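Each in structure tokens, the structures are laid out below.
Note that chain A is present in both complexes that follow, paired respectively with chain B and with chain C.
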Partner chain A sequence: MRRKIFLCLSLMSLVISGCFDQTAIEDISAALVLGMDLDDQGDLLVYMSSPVFNKEAETKEEVYQVKAVSLRNSRNSFDERVMGLSSGSKTQIFLIGKRLLKMKNWDKYLDPFYRDPKNTVTSRVVAVDGAVKDIIFDKPVDKPRLPLYLTKLIDTAAQRNLIRRTTLQEFRGQMVDKGRTPWIIELAKGKRIELKGSTLLTKQGQYQLSITQYETELLRILEGKREGDYSLTLPVSSKAAHDKKTYASFSIPVLKVKKRVRYKGRFVFDINVKLKFGLGEQVIPLGVEINSKELEKNIQNQLEKDLNQLIHKLQKNKVDPLGLGLYARAYTYPEWKKNQDHWVDSLAASKINIHVDAKIKSMGTMR
Partner chain B sequence: MVTNGERGEFSIFFFRFLKYKRYSSYQKTQPSDHQVQQDSRKDRPISSQLSVNIEELHRLFHQAPDLVIRNFNLANSKVKAALVYLDGLSDKNSISNNVLRSLMQISFDPEKELPTTVGDVKVAHTWNFVENSLFEGASALFIDGETKVFLLDTKGWAERAIEDPQLETSLKGAHQGFVETGSQNVAMLRRYIPNRELVIKEITVGVRGKSKVYIAYLADVASQEVLQELEDRIRQIQMDTIINTGELAEFIEDNPFSPFPQFILTERPDAAASQILQGRFTVIVDRSPAVLIAPATLMSFIQSVDDYSTRWIAASFIRLLRLFAFMITLFLPATYVAVISFNYEVIPLQLFLSIAESRSMVPFPPILEALLMEVTIEMMREAGVRLPAPMGQTVGIVGGIVVGQAAVQAGVVSNIMVIIVAATAIASFIIPSYDMGTAVRLLRFPMIMLAALFGITGIMISFMTILGHIISLESLGTPYSSPLAPFRFSDMKDSFIRFPLWKMVIRPKSVRTIQANRQGNSRKQR
Partner chain C sequence: MKKYTFNEITYYQFVFLIMGTQIGAGFLALPRVLAERAGTDGWMGVVIGWLLSVAASIFLVKTAEKYPNKTVTDILTHLFGRVPGKLATFIYMLYNIWFTWIILINAMLYIKGWFLPNTPDYLIMFLFSIPTFLIVRNGLRIIGRYSELVFYLTIWVPVLFLVLLKDGSFLHLFPLFKVEWSKMAASGLPAIYSFLGFELAFFFYPFLQKKEHAVRGIVIANTLTMLFYLVVTLACFIFISPDEITGYNQPVLNLLKVIEFRFFERVDMIILNILLLIASTTWIPYFYCGVYCSSQLMNKADHHSHVPIFLGLFIAGTLIIHPTWEEFETWQHWMANAGIVFAYLFPAFLWMYSWGYEKYKRRKAL
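Moving on to the complex of A and B:
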């Protein structure tokens, strides 16, 4: 009998204790895109775009801009305006306005996303070259809803290595780790929304440098990640077609990057890029034939030149998106320990040798 | 048998209160006084006077219009005799041709041998025996001046022809099913296993209407221990009569409060024979076309006879499919409810949008929506089962239109829910055993409720509970979850993947056979 009573009580306690944190999916106003920016007075503006699930609503998206002191504080303001409970659990894209990026330590605002496990850390961090409101209030008629469009845009571009997809979690790693500086996506709106390569930030999270889509691709090559495919177009000079403009486009199916570091009064990095490329296009006049040896050499030299230029640019601007500091820490720890608090300065002073070894893998299906 | 210690503290704590006390003092009581009295009255000896006997017959079978008493004189004499039988239970052809004709035409000495040409003649001296034999379809020959009665085997009643069993149709197996006559069913088993080690043990069950129960097994293979347990349990039954094998199963199963069936009930002789060859026991109940197979394991419910006649790769695929269907039935609706009411974060973005969109029109909370649809589909299933085929189609069409289209258009349920419910229903019918299918269909309701209360945590709670229960469950004292827990490596050859037949050299270990090997090296090296 006691057992039965116990059973009944525990069953009842199930019913009573359950359900308290239940939120039905349709009652959520999921902030698929969140944006942060500063206004003219330097106050924080938070933007949110969330889908509306109702047949009667004419536009399927609600977008709001509120003034707030923090992200969590802005949630209440959103809840005063949107239909459901605003939630950061499905946030796909985090837009950061240029004005905010120029502020030091703006990343402190991201705290609720790291602290509250109900919020996601897989959203993509995107720097906006301009104001966030230009992008978030945009309603392209030939695209699906903006969050979906932006997410797809970023993910597919990342597959071609035009950008580097940095999630909130990775971003925190880049901020906290002394051996590297953040590297995030750059988005801009001219006439229409477009990706603009990458934004590189300083250790304090301040805006430092924008690099183009081509430079981003080179940086990805240096990173040595064989994900997605690369598509590079380089000018090739050829004796046969002297002054004419000739170009070759190629993909990189085989890529191996070795980074080595020594310390000889300063840090010396040797970066060996070994790649095999597949020719995808050759823009040369008819009848001219470029020797494959010549082509290999051409591309190798051109790549080496461009990579060196890029590295110099990074050194000059005192950013380390590649995380060369990680190598320094791993292989030359005593020296790293002395330099770790001003790593980017030491990097600027270090010598970086880049050697490219390019080989043809395929010339395509025609000669 | 497995002791509590072996089963572990965990299961004892959780499941002891579910455990059924089999040997209660109530069940051990002796036959009632009333019964004893009745029996002693019937056991009186037969009188030598025919008229007394006829009177006694009338008294025993009062209000029995189907009792036929045919009075006649034996051939070439004045000796009176009476042939008694129950109309409908006996073969009239045989009575008139093989019994009455010879008795009336050929003179004989009753002390020696009867001139009848029936297959079996028994002699009885007491009323009890006579009565029982009459009920079994025998005819009783009373002769004036004799204190014995000749019981002639003239059984014959309306029988169904052997057909393909409806519930367990097979594509490649035999197309015959058991029928309602026990002896016929035994014969069918004999056809599959013509071996003298196939032993058939007869037990009579039922106090009022005695029904014959046969336990068939291979004497040199099957475990005596398990047999003893099975026999004890059957003998324990004190019931008016056993109508169906399902009733018998309910009396003898290990845990009657479990949702899972603990015995396989089949109508297929080939399935039964193959189980016997594996060392299991088959219980045939007279008057029921279903045959009980014990001991069973969880895995045996996702096996089907077709598996063994299909090539092993295809059969393995189908097995895995069934297991997948099993999981789908159990988890899909619950997961859906949990995900849309608690853990919507785990849904990919595109799916999130489409689910939310279709959910936004529904005026009910997810749990209510799910229960509504699941109950509707169960009602449709049940309605279809009992209706004759032409009307059954109507149910399908009406249900399809109402549930599939109108309900969604009216905004009562969401599109996704319809998909979930339909997928679940289809998956639940893939499980070959009807009993197991029903069990799983039933279990998904508490799972849905727990999912609605606690989300994915609730699903885990119910899953662990079910798992714990299965592990603690026994069938005739052998572990139910056998090839998995306790883990038996060699038995795994016939579980998720059906290994080639020539690889299965030994019989299932979970059955505890005396003789382990079931084949030698069957495949020629090449």
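Moving on to the complex of A and C:
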């Protein structure tokens, strides 16, 4: 008898314990894309796009713009408008408008995503060159619904290293760590939506600099991460071809980047980029031949030049998306201690030597 | 006289019992606590804590070795007489029961905080108490089997942390020895707390089949615990920036939240469930030792009638107090201090006392 009572009691508690925290899936409006921007008066605007799973609805997506003082505060306004309870647990993309990016410390608004364990931290952080409403209200007819389209667009472009996929969690690290500054995706809408390389922010989260897709690829090379593909097209000059419009495109199957740092009155960085490339295209007139030694030399010099230019640009703009500060902290700790609170200034004053060593790995199926 | 033969535990069960008792829910916050004291050098605190706990464990086993068939309560009665022995047993009971309560509260708060915010706390407590009841009312052998089983079931958890290493940066760890020695030693303190649990070997020892391996067993248990803490702490330090880590309450969960596979997201939710298994191998042995003490006090050979009483008290306690994180932290602070006494000071004292006692007795006999 006692056994039976015990069994009943346990069964009952197992069953009812699920009741308190239940949320039916059809009562959820999952904000797949969230956006934040400022209006003309400088008030915060929050945007949300969530899918509608209903046969009767003509458009399968609901998009709203509300005025709010914070993200959590905007949730109430959304709940007044959308079908279900709006939730940030499945947010794929986080759009931030240019106006907001120009504000100092705007990242404080992201707090609910770090504080509330129900929200995800793997959404991609995207800077919008322009207003968020231009993007989020866009309905391209030849694409699936916007959240799916943008997510795919970003993930596949990241596979080619045209952008760096920065998640909310990584973004927080980039903001908080004293040895680096944030590096996020840039999205714009001209006639259509397109990715435009990267946006680099200052330590306060303010917009500082946009870099192109090519520069983003170079930055990824300097970062030394071998994920996905690189595809670069560089001009090659050759004595044989007087025509200036000769190009070579290549991928980088082997990449090794070594960064060293020492302190000699200022920080001195030595970045050695060792890569092997596979030729994918050669745009040269018929009959002209560029021998492989020449090609290697050409690409090496061109890359070195472009990388140096890029680094100078970063130094001039006082940003450190590469996290060179981490190297300074790890290897020159006493000096880092003195410079950590104004690291980007010290970086601007430091000397950065870049050395590229490029070798051919494959020429493809043509001679 | 071999009083505990019917409930003997094997060497492996002994190791996993101790290791299971050591690793509780506390490891989720450990990297933060270490980083607060010594930055990314905090992981060395784990090694310091390990050295100290191994030293204390050996003392403990050496003391227990002198009385191979007596648990700590028997030893105390033997050494100090009946009444002080009873008193000591009572204190031990309070310690074990209080520890059980704290661990249960901790696990309950985690579950409530991370995914069941609206479920009443006493209901979660009740759910915990069902398996606890089923296991603890049996003897130590069943508990030993349970601990061993949980070990095999959760052995993959540390591997999960290695998945993240490719996204982290080893640069966070360097340079080594960047903080002063005093700070490094300070990080040893929270590490010592997280090694608590081996003091229960005093209770397990008489049940152990092959007592000659006891020292080896307890050292292995401590080492396994140390390795686990080291993997977790280093993974957190490598993945989360040193300036950022102190901002998270439980960095381990923040770390797990980032893992995403194509087929499922939110690994942290899975781990929180696994965590219950891991935490249960902490509260179950403590609870067993608690009811063992209470049944000794009542001069009862059988402890199993005490189990539901205490579980009922736990549930009622939750219902009345509704413990919060802050209360938990105060309690844990007391507990940690008590743990230092029970796990580190007391065995050393007992070892010396028994040494003197036996010498005195022998001289008297001569």
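Keep this in mind: the second predicted complex is superposed on the first by the 349 of 367 C-alpha atoms of A that agree within 3 Å, B and C clash if a C-alpha of one lies under 4 Å from a C-alpha of the other, contacts with A are read in each partner's own complex, and residues count from 1 in each chain.
By definition in this document, a residue touches a chain if its C-beta (ideal position, glycine included) is under 8 Å from a C-beta of that chain, and two chains touch if they have at least 3 such contacts.
Keep in mind it's a predicted model, so treat the numbers as computed, not measured.
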item	value
Partner chain(s) touched by A:26 [first = chain B, second = chain C, both, neither]	first
Chain B versus chain C as contact partner of A:51, first or second or both or neither	first
First (chain B), second (chain C), both or neither touched by A:331	second
Which of chain B and chain C A:120 touches, first, second, both or neither	both
Touching partner for A:349 - first (chain B), second (chain C), both, neither	neither
Partner chain in contact with A:85 - chain B first, chain C second, else both or neither	neither
Touching partner for A:3 - first (chain B), second (chain C), both, neither	first
Common ground on chain A, meaning residues reached by chain C in one complex and by chain B in the other	14, 17, 21, 118, 120
List of chain A residues in touch with chain B within their complex	3, 7, 14-15, 17-19, 21-26, 28, 30, 32, 51, 53-55, 89-90, 92, 118, 120, 147-148, 151
Of chain B, residues touching chain A in the complex	17, 339-342, 344-345, 347, 349-350, 352-353, 355-357, 359-362, 365-366, 450, 452-455, 458
Residue numbers on chain C that touch chain A, as the complex places them	113-120, 123-124, 126-127, 130, 169, 171-175, 178, 240-244, 247, 253-254, 257-258, 260, 265-266, 268
Contact footprint of chain C on chain A as seen in their complex	10, 13-14, 16-17, 20-21, 117-118, 120-122, 167, 169, 172-173, 176-178, 323, 326-327, 329-331, 333
